[in-house]
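What follows is a pair of complexes built around subunit A, which joins subunit B in one and subunit C in the other.
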Partner chain A sequence: MSDRKRKELAISLLAIAPVVLVLLGFRAYPLGSVIYNSLTNWDGLFRHDFIGFKNFLRMFHTDYFWLTLGNCFIMFINVPIQVLIGLVVSLLLYEKTLGWRFFRSLYYLPQIVSAVIVGYLFATFFSYGGPVNGILKAVGASHLAIEWLGNRLTGIGVVISALVWINIGWQGVLMLGGLSAINPSVFEAARMDGANFFQRTFFVMLPMIGRVIEYSFIYSVAWTFTGLFPFIYSITNGGPGYDTTTLDFLVYQKAFREDAGLGQACALAVILLAIVCVLTVIQRKISNRANEWSE
Partner chain B sequence: MTHLLRRTAPRLSSILIFLAFVVLGATFVFPFYYMFINAFKSMPEYYKSTFALPEHFNWVNFATMISQFHIQINMLNSLFISVSTVVLTAALGLVASYVFAKRPFRGSNVIYLVIIFSMFMPSQVTLIPLYFLFSRLNLINTPYSVIISFLAASIPSTIMLLTAYFKGIPNEICEAAIIDGSGFFGIIRNVIYPMGKPAIAVNATFVFLRTWNDFLTPLVLLTKRETQTVVVALSALVSRYQSDPPYQMAGLAIATIPAVVMYLFFQRYLVEGVNAGSIK
Partner chain C sequence: MVSKKVCFVSAVLMIVSSWTVFAQASGKPVTLTFWCGSAYYNSDEAKKPQSEWAITRIVKGFEAQNPNVTVDVTPIEVSSETIAKFKAAAIAKNGPDVIELWTGSYLFPLKDILLPLNKYIPADDRKNIGGWDAVTYNFKLDGEILGYPIGNNYAGLVYNKALIKAAGMDWDKNPPRSTEEFRAALRKIKGTGVVPFGFDGSKGRILHYATIYWWVEESGYERLVSDSEGKTKYADDKGFINLMTYMRSLYADGLTNEDAATSVDYESKFSTGKYAVTVGGVNNARTFEQALGQENFGFLPFPSMSANPKVKASIIGGPGNCVSIGNYTNNRDLAVKFVSYLCSKPAFIELTKSVTTFPSRTDVTLDDLGWTNDPFRQKIYTLSKNFAFWIDNSIPAFQYDEMKRFFPNVLTGKLSASDFAAQMDKLVKDNM
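Let's look at the complex of A and B:
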């Protein structure tokens, strides 16, 4: 290696060093630490002994862990709903009717507001004395005016509606981008051949934005496991009991609110990480196979 | 181009689509409308009707928010944290992405892939050790702990976006700059930065909004009221003033306004960013 080459390499290494150091110190070290501590009885103060997989086993024997995990899977319902609505919205936006730019901006608006604020708005709307019950009473359906956030089913329902509401605009913009990338002549050719709106949609557009839909699915599924914290915190606070708690909320609950032992909280964090990894891998496999079939 | 050529007379279908958009749009406008009108109400007025417009706009809720709750301090905290994160992320990301895009060396691709992979790691996973690390460094209740956490969380997506964009800059331009005598930082200043500006702007917009709105990290790392970000301070306010909904609404409105203003200015970048993939 010549002197000049060696000097260039040294500069390159120096240039990426800050990034690498920040990530090693504040991503890699905490990751290693959380995995190690999930195997200890760490309480944040005195005890810090290696106890193997006891934290995990203890967790698997509690009811609230399985309840929480079940809640996460119920929350999944938000993904197909938001993808479907987002897809329909993008197909309609693509028709470029009057004011489509304005509507695109409007639907995207919730994305730029903090999730906690959106959560508090939903909590206000569905509170017992809130506007939703107000409307129900006004139209004479007072028997439907219930404590929405006071039980598992409707509490989760309110959270899911918030998730869908906040993400429709993101899905719409993402898929409209995919549609706009299709060569318009393809679209025109289908139109010339006499394909109607539905035929164009199902046989031309959907197959061509398959990649985008797949990306949005992968992202949204992982997000459902990791991005729910602010919604749960502001809408139901996980309650009643653990009825609407999700896994990412439980990690916070165990680590920073209850004296459950940090070892257990770390174990939960590791479970969360494992689930997200597995989901990403499964999603990749499924979509790869789907692509092979379509070829 | 083609949609310009295809002149469409207003057909029934486009009228129906327009109406559907208006109905869907109403569900997006209403919560914000409700928040703003009630923020201007007094308690008796609120309990008379939550849907009606306020009889006269009284600013007392907003005034109390400033004079008693000192929300402006939290606003400044948020601003300091977000702007610092944006600047640091852009600076470190710019330099590193240039290396990954234009000066690859043996093993640089592996480092790049590991960095990108760390993007999938949720912040809940690292937060517990980070809390104890920062408390050993005496950084809890300072903005620096949050800035460092945000920086580490934002770097992977930044590098992915910028590296992809910088790869599109023609090598000839970089080589010409080298022949003209530009060194490492010269090329960045004269070629990469000016040509990469669109991607840097998209990324800065996303990092700003993400850090301004983030809740979990500052909630854990900032426990004293006067150090908290506006969103965290607000969540304390909302649970403390359960019996005063107009005051709660004023708080929500105050926290929403800066993000909406950002949106009006930088909307173009957000649409581009979503389509560049991977950012939310």
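Let's look at the complex of A and C:
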């Protein structure tokens, strides 16, 4: 290697070194540490013996692990709902429907409110003596006034409503960004060819923002597995029993609620990581096929 | 060669330790760090500048007696998360010198990072402070003492006198003495159209205040501990099954609030006269008393569930908190001196002007505290001479968490008492 090339290589390595160091320090080290600790009986103090895959096996043998995993998959329902509503919102804004400037800010408002506050808001709304049951009783539907947070499916339903509500603004802005990137002449051409609103939407717009929708799905699915903690904590606290507990909430419970749960919490975090990685790969494969023609 | 190294290390250690002692003795400034929890400040104080808190006044008193010492007070909320932070800080040897923690089963797993105080505690403190067993490792008399007991809270049932009177009863003169008498009284209250017994099953207060009391009373502490250690079974524990069945029957008979499993507002409903009875401790009684007025606020010791109780106490409580010292501290003697000062009679008298909990010192009288005209505190003070210790501090935390998690299901009938007991046994077995 010539001196010049060596110098260039050194400069290149120096240039990327800060980023690599930051990534190693803040991503690789914690990740490696979690994977290692998942194979130990770490209690947060001095007990740190290597126990192989015992934490994983123990988890797979509990009923609550499968229940919480099932809850995570049920929570997925929020993804298509929020993407769909976000898409409708973005279309309305894109088409500059009456009052669009006002609604553009309004839709984004929930996004800037803390997740815990949104959670407590929904918990209050759906509490037994809360406004939702109050309205139901007022309109003569007392039989529908139930303990929303005291049953598995209704409890999960309330959490999903909160997730959809808080994310509509973000989804709308994301989709609007995608729509704005489309050359307006494409729509003009479609209009001149006689395509109506629905034809323009389904045959022109949607295929052209396929990558945005893909990103939205991948991100939302990963978020559904890893970002529900503040909602579960503030709305149902995972109860009754483990009925509304999700995997990320279980990680917290294992880590901070049990004397020797840190090793198990790490094992759960590794399982969570594996599931999210697998789902992301599957989604990308499906999405690549769907988007092939547009590229 | 090895002996040379040993000599060198010993010499360095001697120099460092004598320098520390010399530094303290010679007036070199020393800073003690204290993570102080809610046993030392109340929610009203938390809204004011820290300089106005009672603990700040107490700390200033200590600093005045020890001119070269500064105490750096950091308010914390004692919680599982804080304990995890403390563990991490202790391992890194930069944790606080002194910290407020929970007693009993929450404290014992931290033994490896706490300073055993047995040889440091002055005889006067040993004699005049109650509740040492709550901070002694595994409750064994000869175990390591891991902190000074503080924050004595006591709980029983609180009631709205006007609503009880409207149902034709006077609990001041004739309180229900058994759980069946209590059930009959709740039925009478229900007849007046008021919710008789309101509480929140999911947050745990009903469980660790009332329900669990009946378990101790009927089964006794030894059985409780042996269940939690897997030596006996919850499923065979009549006391455990009976109390769960009793609470379920109160809910099923409509004698509790309909949303007992998920309620978030039972305290405000009791305070506004919508519920006749609820559970209450000295920490929330002041709020109830202010809302209902002293003339309408009543405190009822627990009616007895068992004809032959193994523990007869009437109230549950004791020192739920303690102040401990990290074993990594460079200022052991000074930290012990500070903790002893925090638990001195003048410090408790000053503190009780602010916090609701009772002093753990037995030589502090009602007169010292200015409570001679306070019937509620007088009653609790008398009853506190004989109390059942908190169960959530007596059994492993993960088992109590499981009880708290599934108690609402038992209440609403989704899980039977016997299935719940079997589930507890499985949990114990899985964790052995």
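As a convention for this text, the second predicted complex is superposed on the first by the 263 of 295 C-alpha atoms of A that agree within 3 Å, B and C clash if a C-alpha of one lies under 4 Å from a C-alpha of the other, contacts with A are read in each partner's own complex, and residues count from 1 in each chain.
Note that a contact is a pair of C-beta atoms (placed from the backbone, for glycine too) under 8 Å apart; a residue touches a chain by one contact, two chains touch by 3 or more.
Worth saying up front: this structure is predicted, and the values here are computed from it rather than measured.
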| item | value |
| --- | --- |
| Overlay on subunit A: subunit C relative to subunit B, clash or fit | clash |
| First (subunit B), second (subunit C), both or neither touched by A:Gly44 | both |
| Subunit B or subunit C, by number of subunit A residues touched | B |
| First, second, both or neither for A:Gly241, with subunit B first and subunit C second | second |
| Partner chain in contact with A:Ala255 - subunit B first, subunit C second, else both or neither | both |
| First, second, both or neither for A:Gln82, with subunit B first and subunit C second | neither |
| Partner chain(s) touched by A:Thr124 [first = subunit B, second = subunit C, both, neither] | both |
| First (subunit B), second (subunit C), both or neither touched by A:Ile112 | first |
| First, second, both or neither for A:Asn71, with subunit B first and subunit C second | neither |
| First (subunit B), second (subunit C), both or neither touched by A:Gly134 | first |
| Clashing subunit B stretch [against subunit C; choices 130-138, 148-156, 184-192 or 202-210] | 130-138 |
| Residues on subunit A lying within both footprints (that of subunit B and that of subunit C) | 44, 124, 255-256 |
| Footprint of subunit A on subunit C - complex, ascending | 80-81, 83-84, 87-88, 90-91, 109-110, 112-113, 202, 258-259, 261-265, 396-398, 401, 405-406, 408-409, 412, 414-415, 430 |
| Complex contacts: residues of subunit A adjacent to subunit B | 8-9, 11-13, 15-16, 18-20, 22-23, 25-31, 33-34, 37, 44, 89, 92, 95-100, 103-118, 120-122, 124-125, 130-131, 134, 165, 168-170, 173-174, 177-178, 184-185, 187-188, 197, 215, 219, 222-223, 225-226, 229-230, 233-234, 248, 251-252, 255-256, 262, 265-266, 269-270, 272-273, 276-277, 280 |
| Subunit B residues touching subunit A - in the complex, by the definition given at the top | 1-3, 10, 13-14, 17-18, 20-21, 24-25, 27-29, 31-32, 34-35, 50-51, 92-93, 95-96, 98-100, 103, 105, 108, 111, 115, 118, 120-133, 148-149, 151-153, 155-156, 159, 184, 209, 212-216, 220, 231, 234-235, 238, 245, 248-249, 252, 255-256, 259-260, 262-263, 267, 270-271, 274-275, 277-278, 280 |
| In the complex with subunit C, residue positions of subunit A that touch it | 43-46, 58, 62, 123-124, 127-129, 147, 149-150, 237-242, 253, 255-261 |
